[in-house]
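Two complexes are shown next, each including chain A; its partner changes from chain B in the first to chain C in the second.
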Partner chain A sequence: MSFKRRDVLKAAAAGALAAGLPLPLRAQGAGNLRFGLAMPLTGSQSAYGKDQVTGAQWAVEDINAKGGVQGRKLEMIVLDTQADPQVGINAVNRLISVEKVPVFITAWSAVVKAVAPIANREKVLELSVGASSPDVATLGDYVYTTFPLADVDVTAVARYAYQKLGKKTAAVLYINNDTGVDAAKVYREAFEKAGGKVTVYEAYDPKATDYSGMLLKLRASNAEMVHIHGLITDIPQVIAQMRQLGLKQRVSTYSAGYNPIIVKQLGAAAEGLIVTSLAPGANDRPQVKAYIERWRSKEGRVPNGLPYTQYLYDAPVMVAQMYDWLLKQKLAVNGENMRKALLGVKRFELPMTGVTEVDATHRVKKPVYLLTVEKGNFVPLATVS
Partner chain B sequence: MEYVYSILILVGIYVVLASSFNLIIGTAGLVSIAHPIFFALGAYTSGLLAIHFGLNPIAGTLAGAAVAGVFSLMISLPSLRVSGDYLLITSIGFQLGLLQVIKNLELTGSQGGLSNIPTPIAGPERGWIFSLVALAAGAATVLLIRWIVRGPYGRAISAMRDDELAFVALGRDATRIKIVIFAVGSALAGIAGGIYAFYFQYLSPEQFEILASGTMLTMVVVGGMGSTWGPVVGAVLLLALPQAITFLRLPLSYMAPLQGMIFTLLVILFLFLRPQGLVAPEAPAPLRHKKQ
Partner chain C sequence: MFDPAVLAQILWTGLATSSYMVLFTIAFSLVLKVMKLWNFAQAGMMAIAFYAMYAAVNRFAWPTAAAVVFGLAVTLAATLAFEIWGLRTLRARRSSSLLFFIFTLVCSEFAAYVLTLVFGTEPVTLFPEILSPVRVIGQIAVSDWDLLGVGVTLALGIALALYLRFSRDGQFVLAVSDNAELAELYGIDAKRVYLVAFSIATVFVCAGMYLYGSRTAVIPTAPLQLMLFAVIATLLGGMGSVLGGALAAVGLSLLQSYSVLFIPSQWQGLILYVFLFVTILFFPGGVRRGFKAA
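Now for the complex of A and B:
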C-alpha cells in the first residue's frame, strides 16, 4: 500500500481542522463552583506539575464525594503553563475571561510573577502554591501564597546548623536564578545573625555541569557546613563532585532535596544530608500516610516532590472553605469577595499540611520539618516552629 | 474578553517579529537567529525607562527600537566578514552573551525578571486599545517590508543574497545593505518589545532564549520564507493552534503530549510536503525594458 501525497495532505487538513474547531463544550452543571489551576503539564517541569495536579484532582474528587460545598459541586479547570511566563499568561487570561473563575491556583516563580499584574487588574484572587521566592509576598493585593516562602525553611536550617550542630562557619553555594539568589541571601543573613560566619558565597550557572572552580574555593576556605541551594537536577551533581574532591563537610539544602532521587543518585554520598520539608510526613499525620498509600496503590509509586503535592491537595480544600464562607455570607461569587473570603476564613484546617493561617502580609506561617539521610532513608531530625 | 485581546496582541507582536525576522533571514539571506534579543532589548529598554523615568509609552517604545537598532551593529558588523554557518554561530553567541548580562544585572531584575512595569492605560478599554496598537504595528510592518522588498532596494537585497560576489562586482555596496537590513529588522523587533512590555508588564529573560528563536524560525519557515505574507500566516497559525487545542477539553493525559507534538509534527510535515512554506515567495517581477 502506498500513500499518495494528496491523501496525506487531506488527512493533514482534516487533522488541522479538527484541532482548530472546538468541540461542543462538555456539559457543565450550572451551579458548579469553579476555580482554575494553571500548572506545567508539558516541558521540563511537567514531572512535578502533573503529580501536583493529580493531588489537586483527588482533593476535588474527595470534596465532591462528600457532597461538595453546601450541596454544590466543586469544579476545577486545569490549563498548562509549561512553567513558562508567556504560556502562563495565556492560560490565566483564559481562566479569567473565558472560564470566569473568581480564584485560580498556580505555581513556579516566573509564572506566579508574570500573571500577578492580571490578577490585580482583573481583581481575581491568585493563590501561589509552591513558588518560594520571598518577593512573592509583595506582588499585589490579589496575590497570596498558601506555601511558606523561602525565608521560613532556609532560616530554620541556617539556625539549626549554628545552634544545634555547633557549626561556626558555613559556605553557601547557590544556583544563579530566582530560586537560588534570594534564598542564598536569606541563609547568609540568618546564619550570621545567629552568630556564625559565611566564608564562601558562590553562585553557579543553571546550565553548569562542572562545579570544580567553586568547590576548590570551598576546599581552600574549609568551612564547617555547606548549604547548597539549587534544583533537584543539579544538587546531586554538586554533592557528588564535592565528595570526589574529598570534601567531607555536612551538607544541607532545602525542600527540593527531600526527594528519593537524591539518595538514589548519590548512594552513600548522600549520608548526613539535611533537607527540609514544609509539610508533615507520614509519621506526623495519619492522613498523609493514607495519601501516600493512595499514590502507591493508584500510580504504583510515590509522587515527585511529595510535600508540594500535599500543598496542592490542600489548595482545593482551601477554595472549598472559601466558597463555603462566601455562600454563608450570601455574597456574590467574584474575585473581590473571594479575597474577602480568604481573609475572612483566615485560619484553614487542612488535611495534608495542617493549620494554615493567612495574614495581611501575604505570608503563611508553618512549622519546618528537618530531615536527614541515614542509611539511605530520610529520617526526621527536628521540627522547628 | 481579555483572553481574546491578549491573543490578538500576541498575534500583532509576533507578526512584527516574524516579518522583520523574515526580512533578515529570508529576503536578505543573512542567517542570524538572534532576533529574540532585539525583541528583549526593546522590551527591557522601554520597561526600564517607564519604571525609572516614567517615560510615556510611545517615546519608550521608540527608544527601545532605537536601542535595538544600534545594538544590531554588533551583529551586522561581524556579518560583513562572516556568512552562512559562521554568522549563525556568531549570532547565537551574541544572543546568549547579552542574555547572560541581562540575567546578571540587578537593574534588569536578573533571573527573577523585570516586574512592576507601569501600564499606560487602565480600565476596560485597555484590552482593545492595545489590540488595535499591536495589530496596527503588525500591519504597518508588513506594508513597510512589502514596500522595501518590492522596490528597487528589494531587488538589490535579493541580488546580494543570491550572489554577493557578482553584486559587489557590479559596484553595489553590500556593506551598507547588510547594516541597513539588520538595523531596520532589529528596530522593528524593538517596537514589538515595547508593546509587549507595556501590555504584559513583566519580562523574564527565559522568554528570549534559543527556544524563542526556534518559535520565530518555525513561524517564518511554516509560513513561507522570503514571502511577504508567509510570516503573517505562520505567526497566526502557530499562536492560534495551541490555544485552539485547549478548547478541545481532552483529558490531561492526551492534551499534554498533543501540545508538545503539534509543533514538531507541523515542521516535519512542512519540510516534506511544502518546503517553500504555506505562502510561496513571489517570483520577482520581470524587468521591464524600455522599447526603443
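Now for the complex of A and C:
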C-alpha cells in the first residue's frame, strides 16, 4: 500500500485539528499581505486568548470581504504562546524565520517582553495588543503598543478612588509577576501623588491558594480601599477570601476584572467591584453594539474580556492601514518599512476603539471607562480622559 | 498584627487550608508505607477525581452527593486498573524501583494530557460560585468550607486509624507494610492488601479534591504542584509514618500561614522548598527519626 504525499499531509492536518493543535490560518493566494498573531490558545489564559483570536479573525474576514488592501488579501498566521515566555519565543521565531512576516501581534506582558529582543534584532515590528506593563514602552525601537499601558487605567482608578470616592488610605495587593509588580507600583505612586496613603503593599505568589495571612495584614491596617492587581484565576479567590474574613472595603482592579466569570464566581460578593475598560462600550459606539450582537449570534455569548477582543479586532485593521500606506509609498514589505508605516500613518481610525495615535514614546492614550458591579451586572461608573 | 485575634484567625484558617493537604499526604504516605512506592500517579488520580466530579456537577447537572459518588467510582476504577495492569506487571518482572517511579510519573502525565484533551486548559472550579457562608465565632471568621474541611479530614483520619487498629483487614495492611513476604507466609494475600490500600487512598484523594476544587480553580496539570507538598510532608513526617506525614502537613501549612507575620507574602511558597532541601540533606528519614538518631 502506498501513500501520496498529499494524503499524508491531509491526514496530518486532520490529526492536528482533532488534537486541537493550532494551525496557521491562511487565505490562500499569491501576493497576500501577511502578519503574525501569537496568543495563548492553550493554558490557563486560553479563555481570553481564544476569544481575542476570534476577534482578529473576524476583522481579517471583514477586511478581505471588502476587497482587502488595494485588492490584495490580508493573511493572518496564528500561533500559540500559552502566555508563556518560552513558548512565545518559539512562536515568534517561527513567525519571523519560517513565515517571514514583517509585523506580528502579541500580548501578555511576560511574552511581549520576552520576544522584544528578537523583534529588535530581526527588525520586525512587534505590536503589543493587551499587555499593560509600563515597561512595554521601553522595550526597543521595534516594539509598540496599541493598548494603553497600566499607567493609564491604573492611574485613573487610583485618582478616582481618592478624588471621587474620598478614600484616603488604600491597600495594594498584587500578583508577584510582570503583570502585577509594575502596575502595583503605578497605583501606589498615583494614589500617593493624589494625596492618599498606601498602608498595605503586598505581593502574593502566583501559585498561592490561601491569601488569609496577607488579608489579615489588610484587616490590621484598616485601609479604606483595596486595589487588587492579579489575573482572572486569582482575583476572584482573593476577593472571596477577603469577604469571608469579614473585610468589607470597596475593591478595585483593572481591565482583567471586566469579566462575567468574576461576577459568576463571587455572586453577591462582587457587588461594588470597580473595574476598568480601555475600550468604549455598546452605548458609546454603534460598531461595538453590532460586534457584541455578532458574538451573541455566532458564539451564543459575550466574549471573555470584551475590551481586549475589541483591541484585537482593531489590530488587523491597523495592519491593513499600514500595508495600504506602504503600498502607496511603493516601499518594500519588510519590518523596517512596516515601522515607518506605523509612524507614517500615526493616527488610525479604528472601528472598535476609536482613534488611536501612536507617538514617539511608544505609548497610546485613550479614555478610561470605569465600571462597577451593580445587581450582578457591570454598569458604567465614570469616564476618565 | 500580633493581636491574639489575628493569631487565632491565622491558626484557624491555616488549619482549614491544611485539610486537603493532609488528605493528599495521608493518601501518598499510606501507599508509600504499604507498597514502598513513591506514587506520583496520585497527581493523575487527583485530576481524574476532580474532573469526574466537575463533569457530574456542571455537565450532567447531578446533585453534589451523586457527583462525589461518581468521582469516587471513576477514580477507584482508574486506580485499580493502574495497580492490576500496571504495577503488577512491573512486580512480576521484578522491575527496579526507578522504573516504578518513572511509570507512576508517566501515568500521571498521561492522565493530565487526556484530561486536557477532554476538558481543555481553562481553570474551572467544581461549583460556579466559590464563596461559602461565614459566621464570626468570638472574633474569628469561620466559613462553612472551613468547617467542612476540618470535619471531613478529622472524620476520615479517625476512621483510618480505627480501621488499621481494630479491623482484621487493617491488621493485614499493617502486616504487609511491615514485611510483605513474611505476611504472605502467614497466608495474607498481599495483592489484595495493595488493592485495599489504593482504595483507601482513593477516598482521601477524592475528599481532598472536592475541598480544593470547591474553593480554587483547577487545570489538569495543577495536582502535580499539590503533590509536591504531600511529598515534602511525607519526607518530613518520616517515610512510613502516615500520622507523621499528616502532622507534618498541618505544621507546614501553619508555618506558611504564620510566615506572613515575618516575611512578605510572596516568599511563602519558598518555605516549602527550603524544607525540602533541608530535609533531604539532613533528615532523610524524617525529622523525628533524625532527632532520635542525633
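By definition in this document, the second predicted complex is superposed on the first by the 357 of 385 C-alpha atoms of A that agree within 3 Å, B and C clash if a C-alpha of one lies under 4 Å from a C-alpha of the other, contacts with A are read in each partner's own complex, and residues count from 1 in each chain.
Please note the rule applied: contacts are C-beta pairs under 8 Å (C-beta built on N, C-alpha and C of every residue); 3 or more make two chains touch, one makes a residue touch a chain.
This is a predicted model, so every value here is computed, not measured.
Novice: First (chain B), second (chain C), both or neither: which does A:E202 touch?
Specialist: After superposing on A, A:E202 lies in contact with chain C but is clear of chain B.
Novice: With the two structures laid over each other on chain A, which partner does A:K264 touch: chain B (first), chain C (second), both, or neither?
Specialist: The second partner, chain C, only.
Novice: Using the touch definition from the top, say if A:N176 reaches chain B (first), chain C (second), both or neither.
Specialist: After superposing on A, A:N176 lies in contact with both chain B and chain C.
Novice: Quick check on the superposed pair: does A:P236 touch chain B, chain C, both, or neither? Answer first, second, both or neither.
Specialist: second
Novice: Using the superposition on chain A described above, determine whether A:E336 touches chain B (first), chain C (second), both, or neither.
Specialist: In the superposed model, A:E336 contacts neither chain B nor chain C.
Novice: Return first, second, both or neither, reflecting whether A:D84 touches chain B, chain C, both chains, or no partner chain.
Specialist: After superposition on chain A, A:D84 lies in contact with chain B alone.
Novice: Considering only the touch criterion stated at the top, classify A:G246 as touching first (chain B), second (chain C), both, or neither.
Specialist: It touches chain C, and chain B stays clear.
Novice: Determine, under the contact definition given at the top, whether A:A47 touches first (chain B), second (chain C), both, or neither.
Specialist: After superposing on A, A:A47 lies in contact with chain C but is clear of chain B.
Novice: Which touches a greater number of chain A residues, chain B or chain C?
Specialist: Of chain B and chain C, B contacts more residues of chain A.
Novice: Tell me the contact category for A:K217 with respect to chain B and chain C: first, second, both or neither.
Specialist: After superposing on A, A:K217 lies in contact with chain C but is clear of chain B.
Novice: If you lay the two complexes on top of each other, which residues of chain A touch chain B in one and chain C in the other?
Specialist: Touching chain B and chain C on chain A: residues 19-20, 42-43, 46, 176.
Novice: Which residues of chain A touch chain B in their complex?
Specialist: 5, 8-9, 12, 16, 19-23, 25-26, 41-43, 46, 50, 53, 78-80, 84-86, 89-91, 93-94, 96-98, 109-110, 113-114, 116-118, 121-122, 133, 135, 139, 176-178, 181-182
Novice: If you look only at chain A, which of its residues touch chain C in the complex?
Specialist: Against chain C, chain A makes touches at 19-20, 42-44, 46-47, 176, 202-205, 207-214, 216-217, 219-220, 233, 236-237, 240, 243-246, 264-269.
Novice: Considering the complex alone, what residue numbers of chain C touch chain A?
Specialist: That would be residues 1, 3, 6, 9-10, 13-14, 17, 116-117, 120-123, 125, 128-132, 134, 136, 141, 143, 212, 215-217, 219, 225, 256-261, 264-269 of chain C.
Novice: For the complex, give me every residue of chain B touching chain A.
Specialist: Within the complex, chain B touches chain A at residues 1-4, 6-7, 10, 103-104, 110-113, 115, 119, 122, 126, 200-202, 204, 206-207, 240-241, 243-249, 252, 255-257, 259-260, 262, 269, 273.
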